[in-house]
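Read from first to last, the chains carry the letters A, B and C; within each, the first residue is number 1.
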Amino acid sequence: MSVDLRVEGVEKRFHGAADGTGRVILGGVSFAAPAGGIVCVLGPSGCGKTTLLRIIAGLETPDRGRVAVGDRLVNGPMREIGYITQETTLLPWRTVLSNVELGLEFAGVPPEQRRATARRHLEFVELAGFDDYHPKQISGGMKQKVALARSLAVEPRVLLLDEPFAALDAQTRNALQEVLLHVLERTRTTVVFVTHNVDEAVFLGDIVVCMTAQPTRVGTSVEVRVPRPRDRTGPELNALRKELLAFLTEQRLASRPARGEPEPQLPGSAVASAEKPPEKARAR
Amino acid sequence: MKRSVVLVSLSLFLLAAAAPAAAAGEKLRLGYLRSDLHHLAAWVGIEKGYFKDEGLEVETAGIFNAGAEEMSAFASKGIDVGYLGMAPSVTGVANHAASVKAEALANAEGSAIVVRADSPVRQVKELAGKTVAIPGYGNVQDFLLRRALEAAGLEAGAVKIIVIKPPEMITALESNQIDAFIAWEPHATKAVTKGVGRVLIPSSQIWKGHPCCVVAFEGSVAHDRPAVVQAFLRAHAKATAFILANTDEAVRIGVQYTGMDEKTVRMALGNISYRTELERAPVREYASYLGRLGYIKETDPDVIVRDYLDPAGLVKDARP
Amino acid sequence: MVSRRRWHFLLQLAPLVAVALLWEALSAAGIVPENRLPPPTHVLGGFAELVTRGLPPGSHLLGHCAASLRRVLAGVAAALVVGIPLGLLMGRSTRLRTLVNPFVEILRPIPPLAWVPLAILWLGIGDSSAVFLIFLGAFFPILLNTVAGVLSIERGLVEAAVILGASKRDLFVKVLAPGALPATITGVRIAVGVGWMTLVAAEFTGVKSGYGLGYMIMTARDIQRADQIVAGMLVIGLIGFAMDALIRAAERRLLRWR
């Protein structure tokens, strides 16, 4: 498959320290996404996944490195790159249908056509008939479906999703994953899906890219050659899950302070220091 | 001039003859209108100590922008005696706004219709279709304007009448917002000395000898302290006589209290007739005018006159 | 059977009626002198005269109401036209906010009425100076509320719109303006209230056309008709109340999505 999205050596620091130095969030991230494929970016919390995605979306600029879509460099938000976050960003004063039409409106598509396109996409995400509802009246899962329909209605080349289902309960999450896959069957959209949930990553991704702890780099990258529809509890996914969990745990340990340095204290816990790392024994 | 002096002396004599001596150090709270030259007698009385001579401790309790305001002060019993226009005081009495007794005149005449200095208007008749400003509805100036229009054969509706405060009239005239105004001295003269306006017709020609401002007492004061009232009126008569006999010093006091320049005050003084006798007929005429125009609730002029003019007989009836 | 809504409405009227009766009684008993505060019956009589004969005689109440309303609406409209776009721009741009804020902070505390002498000097005694004064009173609440409204819009919303391809114009018209609308409407309510109060006081200083509720009350004051002064005041209060109620109704309709 041809490569559609290229992330090369992206670095980013926290800005704000007066001397221009700040803690390094991203220490040089590089990976590629094949056209029409789904890349899941998996990493421990706080490793800068959101920052990475915002850089790819053009909402932030890297200190070093670059992102390319096709043969164009990304240096600002582009209509070709869609972006969905955990917090819904539906316009509360517009109806569901009107929200989905939003990008089409901006593109100058005439009303009849936009309405038809919007309705079609609402059908894809299984929300037909909810045209006239307002965001306030629908559930969190439904809102994310609308967000998905809205992003896909403008037929972006790349779609970025930042833990979109993290706030939903497990059942809804699973259902939405399936809706996502179902919708993506019809398009050639390249997808980058950020998550900290290993189950989600192996279920959805063609490739799973694992991030290290800070300074974040790509730790390991695994291809998931399991054909769809995938069995969530099947042996292939289980094996992968094991491998990835182990990697993540390793990263978590690696980010702890070295022996001899003071442990970070939880407020009010006098017991914390008593708990010395027995993990050292297990890692062997 | 001479006749006025005679009349004033006569009143003085009569008052003196009729009155017992006032108690020493009687307090009175006085009100008058800001920069209104018609009230010069009050200022002279204060400056020359005439009130003190009569055993009165007169305290200036209020300087007002309009007669209606002064009437509110009377209603709330904030002042005991006031110099104010006959118009607002009659109106207030007729509308039961306050109980007030007019005891003497402060001045007659002393207003004028003023047009722009370069205006082509030479007669009142030519004011038709123009905008004329008055200080307020129901004022003597309002009345004078209507009388002037009537005399010139115009209906009141022939002229657009609007209300502006006198200090702002000159600016309005200058900037062409209005074509003419009618106001009391010194505003009329000020327009002239500033080069902005020209007198079209003085009020003495609209209604000869028309009463303008009065000396009025709050109802209960007039009723309960007649000796004090008479003492005050004596001082007022003295002050009025002083003005007539000592122009220069009168001008100086006028300048002091109005803050206007000497030239304006001197000229304005010449247009005002300082007199003290209050006659029934003009009051009656004024009261019926108010009734005709619908400004007042009480429409019987005789009832108004009775409530307004002091019943103790200090008023002289005008006998032809 | 009386419907719930109507009952609620009557319940709100009851205290007003009770106070009116008490007031009438106190006046009739001579406890409150009629020249201090005319009783409701006198006030109603005065009101009738304002409608039929008019004050000054010939200038009817309806004409005064129309003139005052016209001025307020013109002033508020001007404030909307200047305030909303400026507010949206200031909400979006920190730089612009920093630039404009000093002027706003200095001018805002100045009561519109303090501008009367300047207004008359610049614009004369006609409608323009009245409208200018109302504009001054209405402008700041609308501006400041709109700015706050924009600032309250979640950043994610704006970003999502940009990503979907919104142009600058699209952003202002389709995201910022509707997003700030709840705050803007609050600003309009305040603005209309302030504008109405400013207007009446501004009309005290003189009005060229001879029509206006403030002018009418000033005339009632000149001829010392306390009953008509109070009647005029009540008319002003009722109209102010009606305008506010209208805005609240519009708000409920426009913000149904909340």
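FYI, contacts are C-beta pairs under 8 Å (C-beta built on N, C-alpha and C of every residue); 3 or more make two chains touch, one makes a residue touch a chain.
This structure is a prediction, so every number in the text was calculated from the model and none was measured.
Asks: Mean of the CA atoms for each chain, then the mean for all of them together: which chain is nearest?
Replies: C
Asks: Where centres are the averaged C-alpha coordinates, which chain has the largest centre distance to chain B?
Replies: Relative to chain B, the chain with the farthest C-alpha centre is A.
Asks: Could you work out how far the Cα centre of chain A sits from that of chain C, in whole Å?
Replies: That gives a centre separation of 51 Å.
Asks: Can you give the whole-Å distance between the Cα centres of chain A and chain B?
Replies: 88
Asks: In whole angstrom, what separates the CA-based centres of chain B and chain C?
Replies: The mean C-alpha positions of chain B and chain C differ by 40 Å.
Asks: Can you list the chain A residues touching chain C in their complex?
Replies: So the residues of chain A touching chain C come out as 57, 59, 77, 79, 81-83, 85, 87, 89, 91-94, 102-103, 105-107, 134-136, 150-151, 154.
Asks: So in the complex, which bits of chain C are touching chain A?
Replies: Checking each residue of chain C against chain A gives 154, 156-157, 159-167, 170, 174-175, 178-179, 181, 255, 257-258.
Asks: Inside the complex, what are the residues of chain B that reach chain C?
Replies: Going by the criterion above, the answer is residues 66, 68, 71-72, 75-76, 88, 91-92, 95-98, 131, 136-139, 157, 160-165, 168, 171-172, 175, 177, 293-297.
Asks: Which stretch or stretches of chain C touch chain B in the complex?
Replies: 34-36, 53, 56-58, 120-121, 124-126, 205-208, 210, 215, 218-219, 221-226
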